[in-house]
Every structure is written in structure tokens, then in C-alpha cells.
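Please go over the structures that come below.
In the two complexes that follow, chain A is the common piece, with chain B as its partner first and chain C second.
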Partner chain A sequence: MEYLAPAFSLLATPATLIAVLIGTVVGIVVGALPGLGTVVALTVCLPFTFSMGQAPSIALLLAVYCSSVYGGSISAILINTPGTPQSAATCLDGYPMAVRGEADLALGWATAASVFGGLFSLVVLVLAAPQLAAVALQFGPIETFALLVFSLTCIAWVSRESVVKGLLAGTIGLFLAAVGPDPMSGDIRFDFGIFQLSAGLQLIPVLVGLFALAEVFVRAAEPAPEGEAVVARVGFRLPPLRAWRPYLKTLLRSSGIGSFIGVLPGTGAAVAAFISYAEAKRSSPRGAAFGTGEPEGVIASEAANNAVTGGALVPTLALGIPGDAATAVMMGTLLLQGITPGVRLFVDNPDLVYAAFLSLL
Partner chain B sequence: MDAVYGGVLLLVGALLMLSTFDPRYQGFGIGSDVSPMFFPRILLCLWLTLSTVILVRGLRAPADGWPRQMKARAAGVIVAVLACTWAMTVVGFLLAMIPCFMIVSVLLGYRRPLPILALGLLVPILTWFVFTTIIEVFLPTSPWFDLI
Partner chain C sequence: MFFAGMIGAQAFTRILRIPTPLLMAAVVVLALVGSYAVRGNPFDLLVTCAAGVIGYFMRLNGFPTAPVVIGMVLGYPLERSLRQGLVLTDLNFFAFFESPLALLLFALTALLLLWPWLSARWRRRGAAP
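Moving on to the complex of A and B:
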């Protein structure tokens, strides 16, 4: 708690506050545009952090991260096309609500659920991250190796559709890390006489190439999506407080699911949203109405996908293992700013860590 | 498509494995228990095994029904991006990106010439401007002009 005051002073500078504002706007806009997504939003903002200080750059990226996840719900509700993969489950009930003329209420529910999910996961982050970091300080080489093997086995866990492809992707990733100087002997491997490869492959260009260019290639390979115009009352209407009561249990459960799944390395918000939606449909007395414009479906999806944001930062900050693709890009930014996520972050840069918590708030 | 992925990755993996036996690497790791090529060879064995599995599965699977036009479009975009990447090292970012942007727009199905031309000029110039003058990350320049 003694770091809250210096963290607040880091956050309360005009540069940081403007970064949060700009990041929020950019995140919502990019998140709402189908086909771009959270990772592209982060990748676009990443170069701007080169000339920024540590606190503003972290604040910018966290703002983009959280707001882009929410922004995906706007196009999911209005045009039945999720702006981000995390908002795919929101289409199922958000769009029917819009067709019924309740687009403003659907957007209100999505906003309220996103805020609740984000705040819930922030509490998880504040409570769990230091505990995890305290345990992580006890880690020796054996424990670190076990953690690495665990994170790599997550590749098999999340690529259930094709475990072989997932394992091959992981193998290629490990091989790319072998390009350049060997950390033990200094001998240069796989440079093929190209001078630029003699220092190895840098994380940021590989991340940008992998995610941004892969998205371009996938879009080129897919036919243009067909949609129909929706005549709906587009606006924004927050639900009244009394309307929350029937959905409190779903709100809490979905936020818990999102936070838990976010903590697991190698997963993502899309997984959390669908699991939460399925669980809400199974357990809700209004389960039969899911898919026809039931607000609880929007709540389940949006609370979960925004709860992932804080949860995903737990392994990223405390262990140096990205919780999802977006936190992998954020980790690259932290490294560029001279901050090494992992076991010593809470010891070496506690004010910066708490500033990150406050900017999430 | 799995057969194509598997085949290409198998070929690349085989070439990389072959390169690990290059005479240049024979002197590496003198005094160490293992050569620096030990771990990459383990990874490449895994790479070859997994890509073989994907290739075999791809050959045995039914046709994926992916339209030929989509495959051609995806291949065209990949080739255009690779060509643009190479061209950037020769003629600089701006002179490479302007035609690349227009070509990729046409490949993605856009056909109205005015927007393609306008955006093909505006987006690369704006990107170059933001990177060079605002955030001061200098992009590759051409051999003929100092600025671009």
C-alpha cells in the first residue's frame, strides 16, 4: 500500500491521463471495426510508445486493451459482426435485441457488464498478482523449467482443434528463438551469412509480422462477409439499477470465469466469453430464451471477456508469461521500456505495477 | 490446404536440418558437453515429424472445398507482401509501399480506381510522415532521395 502514493503521482501526470483518454478512444474505435481486433489496436499504438515514458506507455496500452475488448460488442450488437473475436458470443443475443429495436439497451447492458467484469478482474489482479509474485521469488531453475514446460503444454490445451498444428507452431516459435547468438557459447546460429540475422530475431517485429500480417492473409483468403442492414434504435441506454437484480449471479459467475481463464497462459477472451455464455445458458432460469435477444446472454459474454483483461495480466506481470496474444504484445512494450515482467517486477518496479493497476481502474 | 502447409513446412524443416551439418558449425561448442546445434536439431526433428503428420493427414483428407479464387487471392497477397518487403530494402519504404498498397487493394477485390489511387498515395505518405517526423522511427530510404 505504501506504493499507492508514488503510483498515483505517476498516473496523475497530463501525459499519462491523455494517454489513457486517447487509448480508450482508439481502442473502442478499432475494437468496433470488424476485422481489426485487440492485437491490431495494440500493434498500431505500440510504435507511439517508443517516444513515451514508462507510465504513459503502459497506461496507453492498457487503455487500448480494455476498451478494444468492449468496442467489439458495438459492431456485434449493431451489425451482427463481432469487432473482435472476444465479442463473437455477444452477437448471439445482442443482435436479436437490436433487431427488436433495443439496440440502445443492448449497448447499455454490454457497457455495464464490461465495466463490472473489468473491475472484478482488477480486484483479482491486485489481490492475486503480489501473492503470486511472492511465491515466484522462491522459484529456482527447476521450478522455472517446470513453468516453461507448463506454458508450452498450454499450446496443446488451447489448440484442441488441431493439436499437431499447435505443437508445430510452438516448435517453430522455439526454433526462431534459436536464430542468432547462442546464450551459452555466443556462437551465431542460422544467420545464413545475413548480417541482420546475426543478432537474432527481435520480439516486436516477429509479433507484428505474426499477428498483423497473418490477419491480412486470412482476410485475403476469406470471402467478404454478407450481412443485412438492421433497422434499429441506435443509441445508448443504461439499464436501471432494479433491472440488475435477476442477473447478479450471472454477472459474478461470468466475471469469475473470465478472470480465471485470463490467468491461464495461452488462453484468450473468446474462450472465456463462450464458456461463460454456455454456462449462463445452462444454469439460468431464462436459458431457453438465450439466442432470441435475452440480455443475460449479452451480460454473460461481455462480463467474461472484459474480466479476462485483469486476469491475463497476472501471469504477464508476475511470471512473465503472456496470458493471451494481446498481453504478449504488451509484454514486448514493457521490455522495450526497460521493464522486465516476471518474478522481480514487484520488487524492482512496484510503483509502476500499482500505476498499471490504477490505470486499469 | 493442410497438404500444402505440411509439404512446405517439411521442405523448409529438411533444409534447415541439412544446414545444421554445415562445416561452418563443426567448430562450435568446443569445450562444451554439447554443441550449440544440439537443441535446434531436437526442435527440427520435432518439426519434421509434425509436418509429416500434417502432410499425411492433408493428403488423406477430402478436398477442403476452398474456392480456387480464394486460394489464388491469398497466394497473391502473400507474394505481394514478400515482394514489398524485399523492395523496401532496395528502393525505400515509401516507393515500395505505394505500389504495394495499390496492388494488394486490387487483389483484395477493390476495383474503383480513384479510391485505390488516393488511398494508395495517402496511407503510405501519412504512415511515413508519422513514423519519420512524429515518433522519429526512421524507415528505409531510397538510394536516390535523402528524405524518402
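Moving on to the complex of A and C:
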């Protein structure tokens, strides 16, 4: 905790604060657009970080990461189309609320639950990541290898389609990583006589192509939707403090579920939101009203999908193993900035780590 | 985030009215700028486009793209740790199973891989007692 003060001073510069503000707005906007998810939001922001210092660029990306998850819920509530897959569970109760004319209240609940979930997972991150890093300091190459094999299997396992396809996709990634110089001997592999390949493939171009461009191609191949979505102009209404009491248990439990699922490699916010929604529906006395515009459903999914962000950063920062595609982008940026996530990060740059944590606020 | 949501909710709802073609064009431009700016190498633009086409066909055939990225990120440390480990154990891979922590992780991996098969077996046994 002695690093909190220097971390705070790193953060309190105008550049960093502006970065957080811009990141938040961009994240919400891109997240709210249907089809453009967290990963696209992050890749779009990437070029802007090159000219920034370490602290502002981390702050920018973290802000985008967290707020894009929240942005998805805006379109989920207003037009029944989740802006990001994570917000799919929010549609179930958010849209019925909007139909009833309570869209402003639904947005208020979603915002409040998102902030709560995000803060909760931040506490988990601050407490858990250094512990994990301390354990990982004792890892030799053999343990590291076992851990990496495990994480790779995890990500293939939770991919929505089939496990075999997930494993195959992971293998393609491993092959792409093998292009370039051999890490031990320096021999050039798989360059196919192309000079530019001899240095290896860069992560960012591949990533941007796979996510952002592929998304555009998929959209271009579909016929354009007829007519425009009807979007009502709505305000924003915070629920009165009194109304919070019955939902406190759901808030806490959903944040817990989200943080825990976020820490597991390969799982994502979409899974967390649905598990938390199902759990809240099962245990809540208002469970029967779920799906008809019950605020508790919005709270359950929003608190969980925002709590995932903090959780997913635990293995990324502490072990250098990203839990999902979004944290992989973050890690790519950290590497560009000359920061190597992993065990050493907590030893070498503790103030930077805590600055990153604080900027999540 | 909280304040942005409070003030901006009204403005954000307007963004949903931007026509999709404009939006997609903007994404393409930003994506290409982003991948070029990493190290200012035009070759990276080709890589991006190739990855986009590959990603499109993967999505078309139901392949998830996230494992590719994770595989690529983890590929280098995976190889390095394997090679270093092999040097430590004089090229004896079976010595990897002597570390209790590594053994636990390998066991979890095996469980994960065999899970579909195991759960199907248990279900069959439960159905026909």
C-alpha cells in the first residue's frame, strides 16, 4: 500500500485525466454500437497511445475497456440489441423496462450496478494480484510451461462453438507465434523467403485484422437491415436510495461471480453475466418477475459483466497471461510501451501497477 | 464513468442513429492506421488485411478467433519455458511431471480435455441404472 501515494501522483497529471475522460467516452460510444465490442474499441484507440507516456496510455485503455462493457448495456436497454455480447443478459429485463417507459430508470440502475461491479472487482484486483504475483515468483520454467498449457486449453474449452475448433484456432495462433527467430538459437523459421517475415509477425496487425476487419467483412456480407431502429430520446434517472436495499444482496453476489469468473483464463463477461442472471433469478424472491422488466435482472447482469474487467486483469498483470482477447490487446500495448506484464512487473514498477488500478476508478 | 453515464446518456442514444456503412468505413480506416502506426512498416498493412480475410472465413465456419490471439501471445513464452525446462532436465520431458505444482496443472489440463467424454459417460450411466 506504500505505493499508493506515488501512484496517485502519476495519475493526477492533466494528460492522464484527459486520457481517462476520452477513453471513457470512446468506450461507451463504441460499446453502445451494436456489433462493435470491447476488442474493436481497444484496437481503434491503439494508435493514439503511441505518442503518449506509459501512465496515460494505460489509463486510456483501461478506461476504454471498462466503459465499453457499460456502453453495451445502453443499446441493450434502448433497442433490445446488445452492443457487446456481454450485455446480452441485460436485454432480458432492460428492454421490457424501456417498453414500459422506464428506460431512464433502467439506465440509472445499469449505471449504478456497473459502477458497483467495477469497484468491487477493483478491490479484488488490488488484493489478489500481488498475492498471485508473489506465488508466481517461485515458478521455474517447468511450472510456467504447465501453466501456459493449462491457460491455452482453457481458452479453447470455453469458446462458444466446439472445443475442437477452439483448440485448432489456438494451434493456428501458436504457429503464427513460431514465425521468426527461434528464441534459443536465433535461427529464422517459417519466413518462406520473405524478408519481412524474418523478424516474426507483430501481434497488433494480426489482432486488428482478425477482430476489426473481420467484423466489418461479416457486416458487409450481410444484407443491410431495413429501416432505422427507433430510438427514443430518454433522460437519465437514478433510482432513489431507498430502492437499493432489497437489491444489495444481488449486487454483492453478482459482483463476486463476475470477479471470480473474470480471473479464470478464457472465460468472459458474457458467460459471467448469464450465470449471475440465472443465479439471481433462482435465489431472488422476485425471480418469477425476471424477464418482464424487473430491475434486479438488469442489476445482476450489469454488476457481473463489469466485475469481470477487474478479475480478467489479475492474471494479465500478475502472470502475463491474458484471460481473453480484450486483455490480450491490453498486454500488446503494455509491451509496446516497454512494460512486460508478469511477475516482474510488481517488483520493478509497483507504482505503475497501482496507478493502473486507480485509473479504473 | 459514472459521471459520463449521467451526463451523456442522452447524447449516447443519438449515436445509435449513425448509419452502419459510415461507421464500418470509419472502423476500417482506424484499424489500418492503428496497425501501420505500431512500427511504421507497410508490410504490417498486408498482414492486417490477410488476417482480416482469414478471420472472416474462420467466423463463417464457426471458428472462434480469440484463441488465435491468445495462442500467438502465449506462443513465445510457451516455447521459451519448454526449451529452458528441457535444458534444465537434460532433454528429459518426463522430469516435467516431478514438480508437484506442474503435475497439478497438467492434471487439470487433462481433466479439461477429457471432460466432454467423461460427462457423457456419467450421464449414460445415470440414465441406465
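The criterion applied here is as follows: the second predicted complex is superposed on the first by the 344 of 361 C-alpha atoms of A that agree within 3 Å, B and C clash if a C-alpha of one lies under 4 Å from a C-alpha of the other, contacts with A are read in each partner's own complex, and residues count from 1 in each chain.
The definition used in the following text is that contacts are C-beta pairs under 8 Å (C-beta built on N, C-alpha and C of every residue); 3 or more make two chains touch, one makes a residue touch a chain.
Keep in mind that what you see is a predicted model, and the values were worked out from it rather than measured.
Asker: After the superposition on A, what does A:Met331 contact: first (chain B), second (chain C), both or neither?
Answerer: A:Met331 contacts chain C only, not chain B.
Asker: In the superposed model, does chain B or chain C contact more residues of chain A?
Answerer: Residues of chain A touched, chain B against chain C: more for C.
Asker: Is A:Phe217 touching the first partner chain B, the second partner chain C, both, or neither of them?
Answerer: Touch partners of A:Phe217: chain B and chain C.
Asker: Is A:Lys249 in contact with chain B, with chain C, with both, or with neither (first, second, both, neither)?
Answerer: Neither partner.
Asker: Looking at the overlay, what does A:Cys66 touch: chain B (first), chain C (second), both, or neither?
Answerer: second
Asker: With both complexes overlaid on chain A, does A:Phe190 touch chain B (first), chain C (second), both or neither?
Answerer: Touch status of A:Phe190: first partner only.
Asker: Figure out whether A:Phe145 sits in contact with chain B (first) or chain C (second), or with both, or with neither.
Answerer: After superposing on A, A:Phe145 lies in contact with chain C but is clear of chain B.
Asker: Is A:Thr111 in contact with chain B, with chain C, with both, or with neither (first, second, both, neither)?
Answerer: second
Asker: Would you check which partner chain A:Pro47 touches, where first means chain B only, second means chain C only, and both and neither mean what they say?
Answerer: Both: A:Pro47 reaches chain B and chain C.
Asker: Is there a shared patch on chain A that both chain B and chain C touch, and which residues make it up?
Answerer: 47, 50, 165, 167-168, 171-172, 174-175, 178, 184, 213, 216-217, 219-221, 224
Asker: Provide the residue numbers of chain A that touch chain B in the complex, in ascending order.
Answerer: For this pair, the touching residues of chain A are 47-48, 50-51, 164-165, 167-168, 171-172, 174-175, 178, 182, 184-185, 187, 189-190, 192, 213, 216-217, 219-224.
Asker: Which chain A residues qualify as touching chain C in the complex?
Answerer: Listed in rising order, the residues are 21, 24-25, 28-29, 32-34, 36, 40, 43-44, 46-47, 50, 63, 66-67, 70-71, 74-75, 78-79, 104, 107, 111, 114-115, 118, 139-157, 159-163, 165-178, 183-184, 196, 201-221, 224-225, 228-229, 231-236, 238, 266, 320-322, 324-325, 328, 331-332, 336.
Asker: Any idea which chain B residues touch chain A in the complex?
Answerer: On the chain B side, the touching residues are 5, 9, 16, 19, 25, 28-29, 32, 36-37, 39-40, 43-44, 46-47, 50-51, 53-54, 57, 66-67, 70-71, 73-74, 76-78, 81, 104, 107-109, 131, 135-137.
Asker: Would you pull the chain C residues touching chain A in the complex into a rising list?
Answerer: 1-2, 4-6, 8-10, 12-18, 20-21, 23-24, 27-28, 30-35, 37-39, 41, 43-45, 47-56, 58-60, 62-85, 88-89, 95-96, 99, 101-103, 105-106, 108-109, 112-113, 115-116
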